[in-house]
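Paired with subunit B in one complex and with subunit C in the other, subunit A is shared by the two complexes that follow.
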Partner chain A sequence: MTSSTLSTQRPPFYRDTRTIAIMLQVLFLLVVLLIGWFLYNNMVTRLAAGNTAAGGALSWGFLGQTAGFGISEGPTFRPEESYGRAYLVGVINTLRVGIVGVILATVLGLLAGIARVSNNWLLSKLAMVYVEIFRSTPLLVQLLFWYVGVIAALPPIQEAAPLGDLGYLTNRGMYLTWIFPSETGRALTWWLLGGVIVGVMVAWLRRRQLERAGVPGSGVMAGFAAFVLVLVIGFLVALGASQMPTTTTYELRRGDRGALFEDINGNGAFDLNVDRPLAYVPITLYGADGQVVASGMTNGDGAFRFIDLPAEATRLEWTTPAPLVVSEPQRQGFNFSGGISVTPEFAALLLALVVYTGAFIAEIVRAGINAVNKGQWEASRALGLSTGATLRMVVLPQALRVIIPPLTSQYLNLVKNSSLAIAVGYPDLFNVSRTIVNQTGAEVQGILLVMATYLTFSLITSLFMNWYNKRVALVER
Partner chain B sequence: MATDIRSTSWVNTNHPAPAQKPPASEVGVLGWLRTNLFSGIGNSFLTIVTLIALYFIVTNLVQWLLGAYWEPIWVNRKLFAVGQYPLEQLWQPALVLLMVSLLFGLSAGRWGSIMRNLGVGLGALLLALALIPIGLQAQVVMAASLALLLIGYLIGARIAISGRWLAVAWVLSLPATFVILLGGINLPRLGVTWNFAPLVESNLWGGLMLTMLLAVVGIALSFPIGVLLALGRRSNLPVVKLFCVGYIELIRGVPLITLLFMGMTMLPLFLPSNWGNPSQLVRAMTAITLFSAAYLAENVRGGLQAIPKGQYEAADALGLGGFDKLRFIILPQALTKVIPAIVGQFIGLFKDTSLASLVGLLELVAVGKAVIQQPAWLGVTGGVAKEVYVFVAFVFFIFSFGMSFASRKLESKLGFGKR
Partner chain C sequence: MNKRLTMVGISLLVIAIIYSACAAPAPAPAAAPTPAESAAAAPAAEQPAAPAAQAGSRLDLVKSRGKLICGVNNQVPGFGNVDASGNYSGFDVDFCKAVAAAVLGDANAVEYRYASGNDRFTLVSSGEVDVLFRNSTWTLTRDSAEVGMEFMPVNFYDGQGMMVRKDSGITSLEDMDGATICVQSGTTTELNLADVFRAKGLDFTPVVFEDNDKTYSAYDEGRCDGFTTDKSGLVATQTKLSNPNDHMILEETMSKEPLAGAVFQGDPVWADAVRWVVNGLIQAEESGVTSQNVSEMMGSADPTVKRLLGVEGEMGAKLGLPNDFMVQVITQVGNYGEIYDRNLGPNTPFNLPRGLNALWTQGGILYAPPFR
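On to the complex of A and B.
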């Protein structure tokens, strides 16, 4: 037998690795399908036998049905709206706490991580204690501690003392002074948007210009300056052109409440979706004999309401507001009006997520900074850079390459962990989905919907962070 | 005329000069303070600000700790330990503790490294519990466990016991734990019912015992699945790879709590109707295992990727088949490398079991919630929630921090993380 016959001799098909590979895969697929079919079949049988509202058929029709429950937070949601919209409100609530949480956790983690590598012994140890305590205890326990132990122990609304001009901390939530665009500042939102676009464009152009000139630096400062400039121009324009609509009128009911609006159809009464309410306009209420009984401001919906007036108001006057107004929370009976309010549920969830994730991010930042060669510190010190400049311009940009991949998974963890909202009753997507499932019995669909949503979040975050990672990655030959 | 250079007055011939002591500001306490706290204006400022912050934190903390009302925790210590497990049958959990202590001791003696570090931690914990007057019987059990731990260590270190048999003992200890806690075997559908004590259904298990059980079962059962998934993900059979990648990414993309709710409400749906409904404990454990498997697979994959290609080629050259190659060459190396990662995952899972309280299991956090609502504490101003949650967090902290400390010690010993 020559060597040529040896190489051309094919093994029998059952010893051929290529055939074996295909056979194995077919077998694997069969087993998976068989198990899947078994599970699915059981499920269909059980659903048909059981008296769940889903009634065997896995239909998605329930999403269009009337929800019949209200949602206390986020975009306005009325019980007569559909389950589908309720779920959407839940998704928005998840994003609300997720986005704010990611930003704050990054700031906290970055600060704690830098403190951890600081050459100040005390600061470094303090940061270490923070990291170890919050990393080694379950998020759920921390969340319950903040919610039941801390926030619920704050004073009730009637007894809450103001924190200077900032607002109030009560066991029913935080009420904070806030700046709002008023009726005359409506256009500011568009100016803000325009400012962002102009800022990004200027930053990009400046960066290109610097690159061409071969000068080190980024366009961030130029972009930011352009952004501020656009905002200032917008504010001045709004201030110059500020005037109230000529058909401004008001409605006053029961002597203490009502609305200020632009009477578009001219019938003198406020018609929802026709007339335009006027937000954050200073108003003064006068009684029957001309004395001032109350003064204040309309709220974001153009409405106003006063409590415990000395006399019934019969007449109202308004003044033209500045484009931006500062609204302070004011105690009115058992509640506050004005400013913005943060519910205890949102505050507890946000606090827990930020403090917990911040501890993990601090460790990531520390590892990233430690991964930068010591020589880099010494070289920049030799060049005469200060510690801050070294950190900002030499170390952190290099550390980012090590930091970003694990940071991505921390962001995803934060969003996924926000599903613990159900423990404190914050209406995030998971909590809302449970309410929907409990009412409709659409168990399987509910779980599928939630999983699909979280997977979408994961995918989007991963894609974005991968793109960013590619940008900061070392350019290799 | 050449003069001897040494004779000129400007050369110091009186050498060497006696060594001066370093200035007081550079060494000792003062020197330490200077380099670590007051090395510059910025640093001094930071120190002062930190000190002020620390002062407020510490005074408030001490004030709270002294004024806090710890009665509910002390009164309910049995509830926190084992939940509603019947009082007269507590010897069963005690037996499990004794068994685990002995195994731990043997393993620490036999294998050393991380098992020894963990064993030291367990020993310290048992010693502390034996000394605190939690109850005479409980203290005796703790002391006996400590003794078994030490005896096991001595046996393991002195006598060459078979590592394989020890591993088998660990594997068997898991079903044994269930049998002991249950008081027998109760599988009526298979026609097997046997008991050595009144059966204690799993809905009576609780507290730290249940938390531990959930975490240990989660890691132990997910181990084989995780290894298979990791191998599948690195397989060159596209169908297998696709399935494994899909499973891992799907599970890692969703929060544990969705899987727990799914396990609670949908697991019974997936079983044939004549099988009845599995207990809540089984449902939660299934969900935790499926969850943990995906993360374990990723850890194991990290270990597999760290194996140099030469190892595969060498195994091929030796003529080892696919299975033998994995069994004798690849997995032993890969799994050793990922021990710290798996310990880290166990810590994470240990904390994550707290979510089981949201689906009705009476583990540590759920016990805490129940204790807060006991009518006895209604009169306490401000409630007892802070105290209870701080205590629960403290228990989690002891175990999590202890385990991560043991693991870090090992890492620094093995030189992981050093560059």
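On to the complex of A and C.
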């Protein structure tokens, strides 16, 4: 009797673990909000007292003002454009070094990690030396080593070292011959994208077909063939339809430079962000007497500039280019023009990030491989699989589960570490933001912008890696 | 059982977090209302919460601290440089010493803080430094509430120049079409460079570094065709290049660069005190008062000299300074001319002619408002 009353009697609500749990959560949230409010309030009070631009409130109007400074690389930026656009150029520069860095660091880390567990004594020791050296020295030191010690030691531009027919290597950067889609090949970028999509789809279908048939193999070859086929079709279509816009006009300044563009608003002058520049179009410049003074090609921004002309050019003629053109670097004045260039700042930063992060990834890969049961190796060997095949088909797929989570951290580190760019003058988002803050006095806004940008990058990377991790995770039955 | 233990653990953790979170901000309000008592002991960074709102000026803060915190450069010989044993010297550094001598009576009661091109104004507006003497150009934007500086009288009239290699064939800016130019970030130099090349319709590529050392060493290694900064800075930096004689400075002056000290905007008492120390240095040269003859000059019949040296009138008291503040400054640091000669004059490696920086009576434009 008594025992039954006891069991039906509910405990007071404050002793109910569920209530306590909820109360604690609410309390915790309150505290977090309180601290947040305190910090925000503190900032606002101090801003008001410190009569800075903000004057108590954060204004973002400065982003629309004219920047007035130049940016050395990235998408073309003119000093008359806005701070907002300058920041965007910084963001793109960060993405450039971040994306290329992540890919190269993964390749390097994977190779070094596999080398470390290799049976080849020399190979595994070499990998060990690499990992230990680059993992144990600060990144900033390595960055300055690459920039000051390695790249600055390359020959000066006057004595540029030729790299065969490919280009030149100097302490101002590497200049390479490159193939670009010209004005008539603009659509090729879309064909390229389409080719990738079709290629991936074909590869996936082929793999499924092979799986159903029970035949070993992958769909990579079929996918690649489809990709190439799409590109070839795209090229032929572009070739057949190649035609210059009917309103093509040029602007000639100082008798040696200018721009070739499609005059969209029909006013005869080149207007930024309105008229469309025509890239990689062969042009010939004529002087007042009708003689040819120069010939060449417009660059990727539709601009051209020649130096030391025998006479001032007064007229220009253009011809319709092939969809793809080869552009070779040529010494012109102080620098090379044409081809593609890799600046010392970009190269140093990329090298430092890749080599440093690669060393960490190598250790993660090694840990992943070692985490796979030795029995797996023995079993595959017993089945007659070669070491390479064992690694590729048995060990790595299982190791990936261990590798992915720490790998994500390394990717995040690489992107965030790219802010060290400021040490070598590479205009990444942090570097550009410092200049903007200094010119405008918008301290708090600048820092908030930088933090929000890095946070966005990190969250996107994490989301993608978490999705991938789920895909390769062990499927429990 | 296990679950309950976990629950208790989590609760304890949460409570601990809450306590530590509550404990952190709690002492702050307690300490805040008594800044006067803690002024001397507390680090400078915590003090300037609202210098304008509070009654006390930074002048009082400096006096009670017994030390002046001065933002300077440490990479430009002649202006602000630090030697191997950590001693600061240079033209700008001497102005810090002058202010310390005026306010505290001791030219060596200065704590130097390196101010980079990027963070120098933040250091002032956040109150990390009392005054900034770091070859900074007086511009409208910096003076306005946007950046929030209060500029002192110009202590050096400069102009932006361009350094190139002698063998480059460049003789004027017109020859630099398409050149790569090394420049320091966050400077007026960076903006002038873009303006000048834009105005001339020339192309250029800037390579931007965060401090002077990185900028000139990149130029020295051949990364750039030109290196641009204020002409005084170019002269000073040329001595640091690996082969100074292979380089030259172009004739052209690309901009006006009036270099001046700066303090926090919104503290008129402190601004006036520093302003009149700078004016006093210029007036002392004009009146012929030097560190050698200052004690004799105390007996001078010239009323201007009498007021300058505090023999007559209450000039110092009006600024919240000792009446003999200029005596201290001139005895310990010297007048403007002595500071100039010591750091940039004929007996230094720079040998910079006075030019615009001569007194107005001698063909320059240095001119101190009357000491009355």
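Here is the rule we go by: the second predicted complex is superposed on the first by the 305 of 477 C-alpha atoms of A that agree within 3 Å, B and C clash if a C-alpha of one lies under 4 Å from a C-alpha of the other, contacts with A are read in each partner's own complex, and residues count from 1 in each chain.
Keep this in mind: a residue touches a chain if its C-beta (ideal position, glycine included) is under 8 Å from a C-beta of that chain, and two chains touch if they have at least 3 such contacts.
Please read these numbers as outputs of a predicted model, since none were measured by experiment.
Engineer: For A:123, decide between first (touching subunit B), second (touching subunit C), both and neither.
Structural biologist: first
Engineer: For A:72, is the partner it touches subunit B (first), subunit C (second), both, or none of the two (neither)?
Structural biologist: second
Engineer: If we overlay the two complexes on their shared chain A, which of subunit B and subunit C does A:289 touch? Say first, second, both or neither.
Structural biologist: It touches nothing on subunit B or subunit C.
Engineer: Where does A:21 make contact in the superposed view: on subunit B (first), on subunit C (second), on both, or on neither?
Structural biologist: A:21: touches subunit B and subunit C.
Engineer: Identify the partner contact of A:165: answer first if only subunit B is touched, second if only subunit C is, both if each is, neither if none is.
Structural biologist: Neither: A:165 stays clear of subunit B and subunit C.
Engineer: Return first, second, both or neither, reflecting whether A:455 touches subunit B, subunit C, both chains, or no partner chain.
Structural biologist: first
Engineer: Is A:142 touching the first partner subunit B, the second partner subunit C, both, or neither of them?
Structural biologist: first
Engineer: Quick one: classify A:422 as touching subunit B (first), subunit C (second), both or neither.
Structural biologist: both
Engineer: Counting only touches as set out at the top, which of subunit B and subunit C does A:431 meet: first, second, both, neither?
Structural biologist: second
Engineer: Report, in rising order, the residues of subunit A that make contact with subunit B in one complex and with subunit C in the other.
Structural biologist: 21, 24, 28, 45-46, 49, 148, 152, 422-423, 434, 437, 443
Engineer: Any idea which subunit A residues touch subunit B in the complex?
Structural biologist: 21, 24-25, 28-29, 32, 39, 42-43, 45-47, 49, 118-123, 126, 132-133, 135-142, 144-145, 148-150, 152-153, 371, 387, 412, 416-417, 419-420, 422-423, 430, 434, 437, 443-444, 447, 450-451, 454-455, 458-459
Engineer: In the complex of these two chains, what residues of subunit A are touching subunit C?
Structural biologist: Touch residues, subunit A against subunit C: 17, 20-21, 24, 27-28, 31, 35, 38, 45-46, 49-53, 55, 68-72, 79-80, 148, 152, 156-157, 171-172, 253-254, 257, 305, 307, 332-335, 344-345, 422-425, 427, 431, 434-435, 437-441, 443.
Engineer: Note which residues of subunit B are touching subunit A in the complex, please.
Structural biologist: Contact set of subunit B toward subunit A: 36-37, 39, 42-43, 46-47, 50-51, 53-54, 236-240, 243, 250, 252-255, 257-258, 261-262, 265-266, 268-273, 347, 351-352, 354-355, 357-358, 365, 368-369, 372, 382-383, 385-386, 389-390, 392-393, 396-397, 400-401, 404, 419.
Engineer: What does subunit C use to touch subunit A in their complex?
Structural biologist: By the definition above, subunit C touches subunit A via 4, 7, 10-11, 14, 17-18, 21-22, 25, 48-53, 117-118, 121-122, 125-126, 141, 145-148, 176-180, 185-186, 190-191, 193-195, 198, 201, 203-210, 214, 217-218, 221-223, 225, 265-266.
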